[in-house]
Amino acid sequence: MGARRMAALSQRVDVFRVPCRGPGDLGAVQALVDAGELHPADIVAVMGKTEGNGCVNDFTREYASQAWCAWLAKALGISEAQAEQRVALVMSGGTEGVLSPHFTVFARREAPAASNGKRLVVGRAQTRDFAPDELGRMAQIEATAQAVRDAMADAGIADAADVHFVQVKCPLLSSAKLAAAKAPVTRDTYESMGCSRGASALGVAVALGEVAAAELSDASVCHDWSRYSKRASASAGIELEGNVVIVLGEAEGSASPYRIGHTLMRDAIDGEGVRALLASLPGTLVNLLAKAEASPDGRVRGERHTMLQDSDINSTRHARAAVGGVLASIAGHTALYVSGGAEHQGPPGGGPVAAITRIDA
Amino acid sequence: MGARRMAALSQRVDVFRVPCRGPGDLGAVQALVDAGELHPADIVAVMGKTEGNGCVNDFTREYASQAWCAWLAKALGISEAQAEQRVALVMSGGTEGVLSPHFTVFARREAPAASNGKRLVVGRAQTRDFAPDELGRMAQIEATAQAVRDAMADAGIADAADVHFVQVKCPLLSSAKLAAAKAPVTRDTYESMGCSRGASALGVAVALGEVAAAELSDASVCHDWSRYSKRASASAGIELEGNVVIVLGEAEGSASPYRIGHTLMRDAIDGEGVRALLASLPGTLVNLLAKAEASPDGRVRGERHTMLQDSDINSTRHARAAVGGVLASIAGHTALYVSGGAEHQGPPGGGPVAAITRIDA
Amino acid sequence: MGARRMAALSQRVDVFRVPCRGPGDLGAVQALVDAGELHPADIVAVMGKTEGNGCVNDFTREYASQAWCAWLAKALGISEAQAEQRVALVMSGGTEGVLSPHFTVFARREAPAASNGKRLVVGRAQTRDFAPDELGRMAQIEATAQAVRDAMADAGIADAADVHFVQVKCPLLSSAKLAAAKAPVTRDTYESMGCSRGASALGVAVALGEVAAAELSDASVCHDWSRYSKRASASAGIELEGNVVIVLGEAEGSASPYRIGHTLMRDAIDGEGVRALLASLPGTLVNLLAKAEASPDGRVRGERHTMLQDSDINSTRHARAAVGGVLASIAGHTALYVSGGAEHQGPPGGGPVAAITRIDA
Amino acid sequence: MGARRMAALSQRVDVFRVPCRGPGDLGAVQALVDAGELHPADIVAVMGKTEGNGCVNDFTREYASQAWCAWLAKALGISEAQAEQRVALVMSGGTEGVLSPHFTVFARREAPAASNGKRLVVGRAQTRDFAPDELGRMAQIEATAQAVRDAMADAGIADAADVHFVQVKCPLLSSAKLAAAKAPVTRDTYESMGCSRGASALGVAVALGEVAAAELSDASVCHDWSRYSKRASASAGIELEGNVVIVLGEAEGSASPYRIGHTLMRDAIDGEGVRALLASLPGTLVNLLAKAEASPDGRVRGERHTMLQDSDINSTRHARAAVGGVLASIAGHTALYVSGGAEHQGPPGGGPVAAITRIDA
C-alpha cells in the first residue's frame, strides 16, 4: 500500500456497503463495477464481516481476503501480491445473531475541492516492520502513533478532533516469529493477538491525544484498562510484519457526499450515545463500525453474565451477537461492522462506535 | 397444582426477580424468605432463565427444577412430588450474550379488594392428560383454549383484552409415548416439542380471540404461520402429561402493586413497540417476558442472517443473544426472560413481549 | 472431466498423501511437483480432509477447492472452470480428534501393461444432470449405477468384486433448485444432502450387485436401512448438477505399485475387520478411506451414546472423532480420510473402509 | 470421609459399572440395591462420567453429585453434607464420541482374608485444608504424597508397585479464595484447576517413587512436563478445601473377586499397551480408567492435529472423543472412564490407563 498522497482538499471518498452470499462471493461488488458506480482502481480499503467464528480457526477471513486479491488482480491487471499491498483488506470474522455478512468498500479519488463544510476523508499509512520482541510493547505503540499521524496527513486532517475511527491491522507472534524472539511479550500465539491489538490501540490513543505517551510503559499493555482510545479498532493478522493504519475522519474541502461521527458504548447494552450520534448526523446511515467485548468483570450493570464461563461458545461470539442486536435495533439494518477483541478500544466491556451517513447531494 | 380458586377481587400478587449463581443456587430466594419479604406458601409460579444451551441436552433446566422442588419440599414440609404439583416451574435454558441467569417468582395471596384501577393478577389451570396422538393437533388446541379460560377465571379476568401474557408448559412425545402412539404428529422427539408448543400457542390464540377455532385444523400447526398469538409463550417439557397454563393480566380490585402490559416485536431488532410499552406503563420495570426466534426466511429486514446455517451454534442461541441485547438496551438491565422456540407465538422472526412494572404504593 | 478413456491394461496410478497447513495451503503439493514426483497433468482426483466443521457452514471445503482450481489452472495453463471439470475434487470437512488435515492425490498415466498380479486402478465417469425432482429417487439411483459401470470400464475393471471403494460427489437441492422443483423429495436443503447421498450409495450398491434394483423404490431412500453398499462413499456439494463417480479397484496388468482392499466396520468401535484387512494386504499403508456416523438407534453395543442429543456438537463431528481414534490406533498415523454422513454406506452406525498400500517395486 | 481403617488383609471390594439415563438418574443404582447386590453403607467411592462439556460451565457434574448426596442421605438416614463427607464422589464431565454416561461404584466391606493371590483393594485418605497460596505448589505436592501413603495404608498396600491408579480430587482457586490470597500461583480460576491437578499428580508421583521430591520445586508444576506419574488421575472441584485421595491397587489376602493393572498410552492413539494389559489380566473387563489430552506440541506421531486451534470445540472434548474411540475398540464397550486434563498424568499427549477385571469366583 504505497503512500499515494493526494492534495488534501481535493479527495472524494465513496463508501459502498455490499452484501455477499459467502466469504468468497464478490458478485455484488462486480455488479457495482458493471453499473459504473465503483471503479476498482479507486478502492483503498475494504472492511468485511465474514461468517466464521472470528476466533483462531476462522478461515473465512483468509478465504475472503484471497477472493478479494484474486478479484483485484484480475480487475487491475496486477499480481495478487500487489493487490494485497495496494488495498487494505480488513476481514473481521463473526456474524452472530442478526449480523449480516457484508463488505464495506472505501473508494477514493482526486476531486475538485468542495465548499459545503466538513465531509468524509480517508487516509492510510503503515509502520516499519516490527521485531518479534517489539510486539505488544512501547515500540509498537510509538510506531503506531506515528503511522496514525501519517495517515491523518494522507487524509488531509490537521486536527485530531476530526478523526472519528482508526482501523489498525497488526501482526501477531506466529510460531516462526516466536522461534526468532528473545524475550517476547508472551509465548502464546493467541495471547499475542490481544497484546498486539492492545498496543496498537494505545498507539492510536497517543496520536489522538487521548492518552499521553509519558503515562504509558510496556506494562500498561493489556493491564491498565483505564487507558484506552475512544476511536481505535484493531485486528491482528498472521500475514503482516508491521501495522497498517486506516484513518476515517472529516475535512473541509472534501468532495465526499458522506459525513462521519463517533461515540462510545460504555457497556454492551448502552445504546443512548449511538441514538444521539445518529440524531446529530444528517443523511442516511451507510454503516456503523463498532467494537464489542464481554465485560471482563463478569457483570453488565451489576448483573452476572455467563459469556466468560461458556466453554461451548467463545465470549467474543456472545459479545458480537448481543451488541449486534443493540446496534441493529437502532440502525434499522443488520449488515453492521461489529468486531470483537476490544483491548484498550473503549472502556472495559464497552467500545467505540462510528457512524457514516450519506448526504444526497 | 390444585385449582386453589380465590375470590377474584381480592388477590395480591408479588413478583420477585431473583439472581442466582448457578442452576442449583436458591440462596437469594432463601434470603427473601429470611427477610420476611417472600412466604414460600404463597409461591404459585417460577419462571427461570438457566445458563444451559436451551436445547436438547440442557440439564440446567432439570437441575434447577430439582433444586426448587427440594427447597419447596423443605420449606413447606411436603414431598418433592407435591411441590412439583403445587408450583408451576417453568425453566427456560439459555442466557446467551448479556442475559443474566435468574428466577422470576410469582407469589399470590388473598387480600382485601383495592380500588386504585387495574393491577396485576395471576391465574392457573391445567388441561386433562393428552393421548400421544393428540399432541400437536386440534385436541391440544381446544383443551388449551379451555384451560386459558379457566386460568382467566382463576385470575379474576373477565375480558381477554386484560390478558397480557400466557405461559404454557406442554408435553412432548418421549420415546415411551411414541411407542404407545398410533399415528403421532411426528416420530421425532425434538420435532414434537415444536408441534406441542405450536398447538399450545394456537390454543391461547383461540381463547384470547386472536384466531377463530373454525379457521384451524390439524394441518395449521407449524404450517400456517399467519395464525399466531401475540400473548402466548410455550415451552415443552418431558415430565408432563397435560398442559399447565399461567395467565398474567390485570383486573380491577387487585391489591397488587404491579402493572403489566404487552406488545409485539415484529422482527428480532424491533425495539420501538417495547419502548412505547415501557413509556405507557407507570412504575419501575421488574422484568420483560419475551420470545425470540431466528427468522425462518433467513432474513431480517431484507438482509441475510446466518443463524439457521450455523452448525456450531443452534439458531435459538443466536436469537436469544440478539434479542436479549435489543431488550436489555431498552430495559437497562440484563436479567430478562427471553425464551426461544416461538412457533405461533408472534409473527415469524418476531415475538410477544410483556412488561411488569412495580408501582411504589 | 472428460471420459479420458485409456487402454485398461496399461494404466499406472500413483497415490500421494500430502499434509497441509490450512485449507488453502498447497505448498507440499507444489514440493512434490518440484521434486519431479508428481506431474500436474496426471492428476485425476483429490480427496481432501479440511479442518472445518464438516456441516452446513463449513467454508473450508469450498476454500480448498478454490485453491486447487487456482493451482491447477496455473500449473496446466487452463481456466479455473476447466480445472474443476478436469479433476474430481472431493473435499470432506472435519478433522475432529486426532485427524490431520491432508489431501490424497490420485495421478494416472498410460503405462505398459505389467504382469505382477492385481494392482490399483482408478476410473471416473459422470451422470447426466438431474432435474430437481429426480434427486433422492430412483432416477438418481439408476443413473448412478450406470455411471459406476462406466467408471469401472474406464478403470479396466470387469468384475465388480475388484471394486473396493466408490466415491461419489452428488448435487443437493439448493434454494434455487427448490424454487424450480414441483414435488421434491424434501424442501429442506440440509435434508436433501442426505437424500442425495443415500440415493447415490444405493446406485453404487446396484452397480456392484450388493442390492437388486428390483428391491428398491423411491421409498427405500433414507428409510430402508437394511439396504446398503459396503463400498460406497458419497458426499453432496452445491456446485454440481449431476453425480461424479470415482471407482477405486484392482486389475491385472495395472502398472501401479499399489494394492487396495476393503472391509466393513459393523459399528463405530469395530476395529477387527480393519486389522485383518491390513494384515492381508502387502506393502506399506498409504491411507484409509472410511465413512463414520453416529448409530441412529442411540446405542453402541447396547450402551447409550449422546451424539444425537448434543446440541453443542453435531453428531457427525462426534462420529469422526471417535472413528478417527479407532482407525488411527490401527493405522499408526492420523492423516486418514474419515468422512461423515453415511446413509446407505455400510450398516447403521458402521461404515465402509478401504485401505491403499504401496508395494515398493 | 473418615479414616475408616480396617484390617488390611480382610477387605472385599466390589465394583459396579452402572448406566444412567441422565446426570440425575440413579435408577440402575437403586435396582442394584433392590436386588441385594449393592449395600449403600458399603459405598466408598463413585467415579462418574456425565454428559456435559467437561469444561467450565458443565453443571452435569454438580447435578450428579447432588443427586448422589440426596440418594445416599435417604438410603443411609444421614444428611446430604454427611453423605458428601462419607463417599468420595468424582464426577468427570464429557462423554464425547462413543463414550456412554455411567457411574463406577466402589463398595468395600470387611471380609475374612482370602488366599488366592493379589486382588483388588481400595484405600482413601485426605490432606489438611490448603491455604490459597499453597495450591499448585510444593505444599500441595508434599501433602498429597503423604495422603497417598495414608490411603495405601488404608488399602493394606505396602509396596508402591501394587498401586495401579490414584484418583485425586483437588481444590481450585475460586474468586473467594483469590480474594484471600497474597501471591497465588495464578489469578485465573480456570488456570488454577490445571495447577492444582498438576501439583496433585506430582504428589502421587512422589509417593509412588516415580519422581524424587528433591527434583521438584514450585516451578516444576505445569512447566517441567518430563516429570509425571504413570498412575495418577486428578480432577479439580470448587467444593473442596483439601485433596481427597483414592488409591486402587492389589494386596494379598483381599477377598475381592477383581484384579487391577495399569499401563501407559504414550500418545492419543497408542493402543498397544492397553491390549497387552488386557491380555495379561485374567477375568472379564469391568472398566478402564484413563486420562486423555491433546498433545501440547500440536502433533500426533509427527502429523498436525487441530484440537488446540478449534475455537468451537474445547481440546479436552476432542481428546476424550478420540481416546474414547481407541479404548472402546479394544475394550469392546463404551461406558469407559476417560477423563481430560492430564497435567503431569502420563507423558505429554498420552496418559495412564488402569483396567479392572472381574474373576468369576
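Every chain is named by a letter (A, B, C and D) in the order it is written, and numbering of its residues begins at 1.
Assume a residue touches a chain if its C-beta (ideal position, glycine included) is under 8 Å from a C-beta of that chain, and two chains touch if they have at least 3 such contacts.
A quick note: this is a predicted structure, and the numbers were derived from the prediction, not measured.
Between subunit A and subunit C, the least number of touching-chain steps is 1. A comparison of the B-D and C-D interfaces places the larger number of contacting C-beta pairs at C-D. Here the CA centre of subunit A is 48 Å from the CA centre of subunit D.
Between subunit C and subunit D the centroid-to-centroid distance comes to 41 Å (mean Cα coordinates, whole Å).
Contacts with at least two other chains are made by residues 51, 53, 57, 306, 309, 312 of subunit C. Interface residues of subunit D facing subunit C in the complex, by the touch rule stated above, are 19, 21, 51, 53, 95-102, 268-271, 300-301, 303-307, 309, 312-313, 317-319, 321-326, 328-330, 332-335. The touching residues of subunit B, when paired with subunit D in their complex, are 22-24, 51-52, 57, 59-60, 62-63, 66-67, 70, 312.
By the touch criterion stated above, subunit D contacts subunit A in their complex at residues 53, 55-58, 306, 309-312, 314.
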